[in-house]
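Going in written order, the chains are labelled A, B, C and D, and every chain counts its residues from 1.
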Amino acid sequence: MSSTLGTLFKVSTFGESHCRGVGAIVDGCPSQVELSESDIQPQLDRRRPGQSIITTPRQEKDEVTIMSGVENGLTLGTPIGLFVANRDHKPGDYKDMRSIPRPSHADYTYQMKYGVRAASGGGRSSARETIGRVAAGAIAEKILRLKYGVEIVAWVHSVGEISVSTDNDQEISRADVDMTDVRCSDRTVADRMMQAIIEARDAKDSVGGIVECVCRNVPSGWGEPVFDKLDAKLAQAMLSLPATKGFEVGSGFAGTTLRGSAHNDAFATKGKRIGTRTNNSGGIQGGISNGEPIVFRVAFKPPATIGLSQETVDFDGNHVTLEAKGRHDPCVVPRAVPIVETMAAMVLLDCALRQEAGAAFRPDSN
Amino acid sequence: MSSTLGTLFKVSTFGESHCRGVGAIVDGCPSQVELSESDIQPQLDRRRPGQSIITTPRQEKDEVTIMSGVENGLTLGTPIGLFVANRDHKPGDYKDMRSIPRPSHADYTYQMKYGVRAASGGGRSSARETIGRVAAGAIAEKILRLKYGVEIVAWVHSVGEISVSTDNDQEISRADVDMTDVRCSDRTVADRMMQAIIEARDAKDSVGGIVECVCRNVPSGWGEPVFDKLDAKLAQAMLSLPATKGFEVGSGFAGTTLRGSAHNDAFATKGKRIGTRTNNSGGIQGGISNGEPIVFRVAFKPPATIGLSQETVDFDGNHVTLEAKGRHDPCVVPRAVPIVETMAAMVLLDCALRQEAGAAFRPDSN
Amino acid sequence: MSSTLGTLFKVSTFGESHCRGVGAIVDGCPSQVELSESDIQPQLDRRRPGQSIITTPRQEKDEVTIMSGVENGLTLGTPIGLFVANRDHKPGDYKDMRSIPRPSHADYTYQMKYGVRAASGGGRSSARETIGRVAAGAIAEKILRLKYGVEIVAWVHSVGEISVSTDNDQEISRADVDMTDVRCSDRTVADRMMQAIIEARDAKDSVGGIVECVCRNVPSGWGEPVFDKLDAKLAQAMLSLPATKGFEVGSGFAGTTLRGSAHNDAFATKGKRIGTRTNNSGGIQGGISNGEPIVFRVAFKPPATIGLSQETVDFDGNHVTLEAKGRHDPCVVPRAVPIVETMAAMVLLDCALRQEAGAAFRPDSN
Amino acid sequence: MSSTLGTLFKVSTFGESHCRGVGAIVDGCPSQVELSESDIQPQLDRRRPGQSIITTPRQEKDEVTIMSGVENGLTLGTPIGLFVANRDHKPGDYKDMRSIPRPSHADYTYQMKYGVRAASGGGRSSARETIGRVAAGAIAEKILRLKYGVEIVAWVHSVGEISVSTDNDQEISRADVDMTDVRCSDRTVADRMMQAIIEARDAKDSVGGIVECVCRNVPSGWGEPVFDKLDAKLAQAMLSLPATKGFEVGSGFAGTTLRGSAHNDAFATKGKRIGTRTNNSGGIQGGISNGEPIVFRVAFKPPATIGLSQETVDFDGNHVTLEAKGRHDPCVVPRAVPIVETMAAMVLLDCALRQEAGAAFRPDSN
């Protein structure tokens, strides 16, 4: 188990889907930041189940409580305990699955790794584990916004084969994204995405998709070569999310088909700073932010738990037919949007703190 | 700077391209392993420049010396110091570039981050930094092979638009891969890849590509939820390599277009163990290995340093035309193959050690 | 802030003395261990205030709840959330001290470090923070006992100038220790210690003391050279406790006055194993356990918060006279005993896990 | 093995006493610091064997080479590789000890832990391992001095029963300390210490001692509660040194005999800042520096390797008489002085970097 991420802004999460609750400890949060539950709850609300017709009908309010680390509305610099109670337990839904590992789910691997697993609901591999991350990352978002004006916006880039053009990505706001339940600001494309999700759900099936994220106003200099490059830490953070299968930054996989002369981002003056004319680098060069928007995409597979019958074997190797009960998302990407944003914030703030540490020793710093 | 990777098998690298040398410290290597330079040199030879007509003509022998941690041919359990001297210095090649940051290179971001940068050759962002990784990872490979029979083979999946079918990936060996200079076992495709690289080079340009990697015989249970999932750590390791833009595991980005019913890997008995009929999961479920081959791909952009003239600005914002001198690879993927393999080994061995630690406490372990 | 200790058995604590509660996340606990609150509560009861006439009369039940990581009485291998609510708030007690930093307390340094501090009660520097540690360490104790038979017993070695002889330390049990309120098994000495504490309390003063701890049945081989030597990690753990001023292992400071010929622990056969005739090493040689009992001592200063009037200055530099109100321990060592034991357990289990990881790769391991 | 210390200023050491050499990688060193070998060599010279009649007559020049991370006399922010070759090999000296573990030495525990050990000279438990630390810590010293004016001076407080009064410790300089071979600024006491060491040596025996260290001009606010308290990290660092048995800060063990009213350090105005009238806290309260001098002591046992014959058993349990050959220090404290200083510097700079990171986010920072 390694449930802690970060070097200076450290987030440790805990909780399964059917224990008393889930949460996180945020250690290393700067002091004297104005903070209350109302800074955190909005991203949890965007993540919670039951928020629209295309998410699981499970209802959980997911109300966060700050347990420690804040007094009189200010962070103390001490660990911030964050807690969300679990309420809507229906472990019965999972009863049939005790002896049958769900295909492409973590049932089998948890059992192999630990010799035991949570009785229901996927345990730590459940999407519910991400609540602690979202709560912690929401704090990081606020600090990044206050100190640097950093703005992080993610949206659904594709559902199955249906994708949105990203020409105007620099102008998309969270309000734009939230205008559709599917979290895609292009209403026409969003309608088709909705349709695809509903069709999958009605077929007791599921569908995958891609989330795109842009981080604006990130100063140059963030990211620690060589193993903690900014893109390497973002990749780790995103691949640590349930159901992810890929990460790409800037030109990504498509960029491999270009020649260097077409791919290179030539420098140009942009007001007082030097910037790049194009952004195939996705805002990161040599693992360090260059001042351009950071752009990356995360691939989410179709959810493994589906109602359709599947031919598989149980833990004893007997052939069985599995039809999952329970209430599951037919597509995770709409709810993944705030998760991707808050994970990005967590990584960025940790890099910011590390960069400030070294920068304080620069001859030009005092 | 964070030049250390791993929790128990820890690798710390050091060295720029034009200092006295490059290398690594491997801390946490199990004791009593037979080890000599000859276990390490082969992967360094596959990585070194000047090995074929499609790599940089720079000649460096890159001979490794074990400085510590091995006595009488056995590892002591103490840190293994690995060192490779730098020899073929031509800093003059870089003179013109002192005041001009190369587009899409790390010159600009290192300067912004540190307020100073290596006088030439890209410093820590240079491919030369990977020598320490390859040397350290070669040790991991040997241990994984001896104890678990793990076999790691990577190859060039694509160069520009030219890609190889991966139907027979389960049978490819390193010997197959090394039969062509481009490191693709399909000779017909390899010839076309060679042609593409030579054309790019002759045009003073460069071209990108994708490396695919398979890790066979990995036991189930490796990988630490939630932030140190096996795929998350592989993603971090791969995105920490110079010139990488993306990582995907199993079905990857393409898998997002499938429905769950098509994507799910149904379980089946395979001899005495339970396996999966398909492998869209790429051998990892919930961040933990499931006993199937681990399969992933890494996207490498076209090298940034090209001889073609580029319109850009210098550090003072003046418009300039840059034509890089120096000797550079027109395409990095052939030499990236051993780097990807050894980085994968490093991650896998660290996961193996962590899994063995916990497993020792299982009721069924004694 | 760094509220996390351990490499594989990682404990992160959170909570101030006057927020909603205190607790810990235990990450990396082996799976399939039988565990319930009743394994943890006894050590919390030995730590809690109000347990005897020589501790603060503050009453807190300090009942622990396992929030996650355990199901059907077995650990899942996932993070174990531990929580104890704060109940007996009397922040009014601290009102006078808002503008006056208590001498030798952390009021001043927290304010300097964070620019803010908990309104009352010392925040994270409060003894209350140790609740999370004790709860987490109680889990480590159980695992060490089950798997290795490790037995950890600490006791009050001295209060002020009154100290106990340690000739029979190898036979002292927790039951022996708990026969006196002061936690010293020698009743005569214990009575004098009690008297000293009561005198200090009645004088509105406080008094210091030393806790000694022995860890029996620790196998040889635990501890990681060079920076994570077993004694180095114990020293860090103990000096991380509030009010500690020193740590010594084996012969300690007194050992510096001996010659090597008198200090050296000659080897001898002990049944089937090789042991040492004397134990000036305190069970650790070169940072690694040698199979003999691990013996160390921890110095605790007299508590800083006293009722006697003190001449000092406030945060603005004005001369003031401070007479602390509130309810405080006149001597911390009786309640420190279970804290020292559980911290030792935490360190030992982390070392055990690390040793098992490497040992699994030894040629003689399968 | 864990040969890395530090969170932001990370030092990893490597090397046994009889391999090719010893050294360290310093990762996270601030950039643009003027640095050359001449900044490092003086502390290595104070550490090296053969420097006076009371150290081992072994001659090693211990000349350091900076392998990477510095260019044109400035640090690049990249890892600094430090290397010192081993020259004066006499493994023959150790031949007799192959099958006999030296009492109170690490021979036995290394063998138990790793199932193998360095053929001679103690391997990683050798004092020679500290070369990498001293070299790395000398860099930290320079940075602390340049940026904060921090001044670190250690001296020999005692040899055996002979100790120096520490009344004037605030004025002792390194020059004062180095005026005697034994590194005690009081010449009369120093002469007696010399005599004690020579007597022990002539008796083929050894003797212990205590090193005291003061760190002046450390700003308030350094140290990270709760596990990385400044005194906790100093304790870990000091107990990680070979032959250490204890650590105490400020009043230390003696402080346990005082009452709070006598022990408390009342605040007082000191020029523009608030300081304390006494310094029983040793400059640290609640794990955080308070602006007063940091004062601590480290206990070193008498060296285990002595020429006197010792009755012991070999690895097979046979009774044997051991008379160590080889050339060993009869007392380690004179050479330990620079080691203690540089280890303290390493810990302090890491804390400084961490504090600067958080401080950059304080509302009053810009």
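Everything below uses one rule, namely that a contact is a pair of C-beta atoms (placed from the backbone, for glycine too) under 8 Å apart; a residue touches a chain by one contact, two chains touch by 3 or more.
This is a predicted model, so every value here is computed, not measured.
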item: Which of B-C and A-B has more C-beta pairs touching across its chains; value: A-B
item: Matching chain pair for A-C (criterion: over half of the contact pairs shared, by residue number), options A-D, C-D or B-D; value: B-D
item: Chain A-chain B separation of Cα centroids, rounded to whole Å; value: 26
item: Intercentroid distance (Cα basis), chain C paired with chain B, Å; value: 45
item: Of all residues in chain A, the ones touching two or more other chains; value: 1-4, 7, 13, 28, 31-32, 77-78, 110, 113-115, 124, 225, 358, 362-363
item: Contact set on chain D toward chain B in their complex; value: 1-4, 10, 12-16, 18-23, 25, 27-29, 31-32, 65-72, 74-81, 83, 110, 113-119, 123-124
item: Residues of chain C defined as touching chain B within the complex; value: 7-8, 28, 30-33, 77-78, 143, 147, 225, 353-354, 356-363
item: Interface residues, chain C side, partner chain D - complex; value: 1-5, 7, 13, 101, 103-106, 108-110, 112-115, 122, 124-125, 129, 158, 160-161, 200, 203, 205-210, 220-229, 231-240, 242, 244-253, 255-261, 263-269, 274, 276, 280-282, 284-291, 299-306, 308, 310-313, 315, 317, 355, 358, 362-364
